[in-house]
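These notes open a run of structures that come right after.
Next come two complexes, and both contain chain A; in the first it sits with chain B, in the second with chain C.
Coming up: the complex of A and B.
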């Protein structure tokens, strides 16, 4: 499942400038095989993911531009990405953060799993 | 005014009028149309210019409010200024009209006949007072500054200044002597400045609130919201309760409400890493809802009081292990009552309890001397040699921590204690007993202990390099796995090399923070510790990239290396291609590592 299907930019053809601006694409893979393509600047909202995808590090993740969330299933990774997009959008904006909108999107059945995943991913 | 669109807050009335198409300009136009006789109002009283200035300069409380109202931009105020097409005299007139019933009434009295028609028409016209006028209903308005006026009391003539005061009934102005004698201070400063302070305070809070909410805190909010419906979270037991507890504690979000997530009659272990917000009643509830606990650990449990301990002695009958960080409100009688009425403890570890005194210690020993395996009395203000005498009767102790006292115990007391309980001890912490010397190592630890795996001798300033190296070279104990000799700046290379020589094969955690003069030759020996997982090399001045590279290569199980204050470390091994899974913290040049 690709959350961002309109991507036409191949990860390999991105320019250096795109990487610096966080406009290139990285892949996040859940432990049950769902893969999500997100902008690097969104992925960087998580300290853990951002560090392991950091181009200046020599981790395998940064070379393949793929981060494996080995502890989390697809629905959890999706919620993490929803929050990261939310944060990427609103952390620079002025005014109130509509945090209620986000709260409504996390069903209580998975909130504990999301909590643990968020703690691990420094979100 | 008409050339910009800036508008301040408006009253409900203004809002309503605007919605029904009544605006200041239409009103003004109607008013000018309706006035068949423009002259009279001008002839009635004071010159309008004076009136106008007197209104804007009013210094009474009401006037101030009026001015601020004007600054706030009430749209109805525009009545006074708007409407360019009519001539100035007309504007003045409409002002005069708006400005008050007073003038109007005067008019009524003087030229009734003339005004009758005008008045009647006015009944229909929009003649609501402008905001600035509301505040000024009195029949008398203060004259302009600099003009002459008769005092309402002594009837002398005086010059009006900005400090001139209007009489209480609003019928005239008072001269300065009369104003003073009437008890009001004409120079009294306005209360406006005082009112400003609360807004400044509010600003500080504003900055704190600006932080972006983390996903963890959002999740905790959701948990709190659904806490009454715990089934909604699915099977909590299957989840890693410990990890959830840590994640919540990390954000200091454990509250009496969401603590219920971790409660259950079948639970035997309970650990809260940050119980700061658990109030006294909720701590009593905790025990009542977890009656089968055998082990309880509460960190930062500052709100534990006598009442809680009184309740726990009956509601937690099975607890044998109690670990509390910061139970400083509990008084000695409550501790004693708890020990006397509770079954013997196997594990009792408390930190920071200044009221835990010798009587408590006696009560603890009286109840649990034979069962106690782990005893931790850390940062206990009353710690002294007598404490150690009583601890000496706990013959089956495995783990003893009496570190960080207010006043140090003495060599003799410690040696006596170790001769009593030393043979079984596996963990010993004597940190920060500033009077202990090499004699404790030589005649206490070396002679009495044979099973130690953890040794913490932090901040013992009287230890010498010779004493420590002699101790390790002659000690029959098996190799240690956990060693902390930090904050002992007088220990040199020979201490470290004899320590490594003794414990090299089993050493897992090594803390030599602050051993400033240890040399390279000894530091290089650390690379020969195959089991090492964590090391603190802080403030060891000789540590450089080459030593660190050797250590990283030699100790493959390393997960954490601390090099705070090691100025020579620059992290060059990274570019040299050394791969390590260890987390290296404290490199001066890398703020993020």
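Coming up: the complex of A and C.
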């Protein structure tokens, strides 16, 4: 996996301010064992993932900062994250949003699967 | 994505779809978890994702209604349990009379409900997260409220219900009353309950529980409380204390709405306060013994400020203040007026029966002068006082200013001598009061006088007095400073316009020209003949000066005649075609008299000098009878008596009267008092005269003013008619009244008389309709 969102470097410290700003890192795990580290603000783009990792709740997910996407394969989770990053980046941006850029990156074979996953994750 | 789908034909179906586990199993697991969440235990071990997926699956596989209703049931059951186990046992024992116990009980109840509410809302938001998928799809299609809303609804139905609701409302009201009585309560407990009430709406789009049920009860309770409080305070407190209490009530209620009641109630509560604490007791408070009058007396600016602030909150308040101020000023004004007339009337009876003569008049006159000065000073002080109060306490309220002005004007004008008094006050100030004061002080004093002057309705009367007084000051050289005089004149000009001061300025001009003339004359004298006496002449333009034209004449001795002739010649040479009339009554003379012991310089009036000169030829100890003097001088009886009296009967007795006495009669005779002694080298022998007018003089002044007014009215009518050519009677009268009102208050009857006079003299003619007039060129 050589996409932007995956990184081997995990920040050594996490302050309260980072959590509030969504700058700390959370882990998303696919059902076939792929693990993705993303910033919290990117994860929060999904209502479902965001709620489950909500620091003020005390679910297992928020305690471990890990969300298990039990229904989705790695490739689907990757596409979800790509879209979430895209949304996190452009939702505040002014001017044109290059929608095509993202659409071209989703292979037609998995479109339906991505669509279902997106619905489940409130995207 | 859609384009991608269309281009490629092969689309892999997503992995197997269908419930892995049965719906029943899913629901039983989910419902257990929901109960756990509600009971707030074990949540940490629970996976969000699992529960979310359960809810997702149930919605997806058409079990949404089961999920929805099941959840509702669980939540409702939980709330019912809590109501039974927690809320009802903490109801206050209703019979308990002790306020402190009741306070504690109320607090407990409020806190319990608040705790349940907090738990409930946090639970509902957690459920909301888990049941998000249900909220997004099922509730929309089934047209039922979302998780959060049905949570509120369930709380309303199961907790905020009879009898819990009634107990809560009573508890809040009790706490409120308890605090109003001055005790401490736990505000956050009340606040919690109020917040619950605020966020619950019994019917969609309707008012909240707070608005619908708590607020009406609250307002009713408040109304009762403050109605009683207002009564008690009014009966037990004096006005300042009452206002203080009321103000603190306003603040505490305001604070209450900020801290734990809804802001929406603030205006209603303030309205109640205004109604029962301010409006209801407006009159009672302000007219208390310790009310407005006393506050002004003692200069309680703080109390007055408070009074103003509170009273201006309600519509009738300002009027009430205005009325009270008016009354207060009228009363004080009446006191001042009465005090001044009391001084005068106290003197008059003592003067007449004792027949002590004119000396009494002098003291009476002086006293009247003093009363005039006192009156003006009192008025000024009063004005200062009220201005101070107005500035500091009443925030320079314009309406109050108008009221103050009206009140002052009415009581000042109710003193019919006000114009004379004010003029006398200025006269006195310019003559001696201002000595040694700085220019700024002078200006200030004059400004203050102008303020009173503004209140005068009959400014033409004032003008007449002022003119007389000014003339006296100018001729006798009594004015302290020319600058002050001119300053005063400038102020009058600003107030009344150019016309008003035209003649006064003419008088100043005459003085200046005369001074120039005298210089020229002195040069002229020096170059020609030498005269035995020095002469100084003021040439007065007759229309400017208020002196009567038919001046008393007298036969001048040779030396004086020569001097006057010499000046007349000089003057006529410079200005041909003018006529000089000597106003000997206004003049004065310095003469050195040889007495037995020493020489004295006497300053006497011209007439007195003429009389004195008669004795120059009489040998030591000789007499001149009254008749002889009269024949020699041909001075009128009244004038002659006056001057003889001042020479023979006043403080400095230069002449001896035979027989001695205070009054001069035609049978008396006089001799030169060569034994006269005094410590002073220079002696001023004032002519006996009163400064304040006597009744007769006043009548004369009055007549003159009336005449002047007649002329002014006629002139005004003609001016208007010349302009309009034709006018109805009423319009004309109104217009005349309007134009003349700056000078005096014209009487419509008088105007009518003037119109008739003008018709007689054919300036105007009556039209056929008998209601209007034409101007005849």
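Keep this in mind: the second predicted complex is superposed on the first by the 111 of 123 C-alpha atoms of A that agree within 3 Å, B and C clash if a C-alpha of one lies under 4 Å from a C-alpha of the other, contacts with A are read in each partner's own complex, and residues count from 1 in each chain.
Note that in this section a contact is a pair of C-beta atoms (placed from the backbone, for glycine too) under 8 Å apart; a residue touches a chain by one contact, two chains touch by 3 or more.
None of the values given here were measured: they were computed from a predicted structure.
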Simultaneous placement of chain C and chain B on chain A, clash or fit: clash
First (chain B), second (chain C), both or neither touched by A:116: both
Contacts of A:48 with chain B and chain C, given as first, second, both or neither: second
Touching partner for A:97 - first (chain B), second (chain C), both, neither: first
Partner chain in contact with A:32 - chain B first, chain C second, else both or neither: neither
Comparison of chain B and chain C by chain A residues contacted: C
First (chain B), second (chain C), both or neither touched by A:83: first
Contacts of A:108 with chain B and chain C, given as first, second, both or neither: both
Segment of chain B that clashes with chain C, given the candidates 75-83, 183-191, 219-227 or 327-335: 219-227
Chain B and chain C footprints on chain A, overlapping residues: 58, 103, 106, 108-116
Contact set on chain C toward chain A in their complex: 1, 3-5, 7-8, 10-15, 43-49, 52-53, 56, 126, 129, 132-133, 136
Of all residues in chain B, those that touch chain A in their complex: 212-216, 218-223, 225-226, 229, 232-234, 236, 239-240, 243-244, 246-248, 250, 579
Residues of chain A that touch chain C when the two form their complex: 47-48, 51-52, 54, 57-63, 67-71, 103, 106-116, 120, 122
In the complex, chain A residues that touch chain B: 58, 80, 83, 87, 90-91, 97, 99, 102-103, 106, 108-116, 118-119, 123
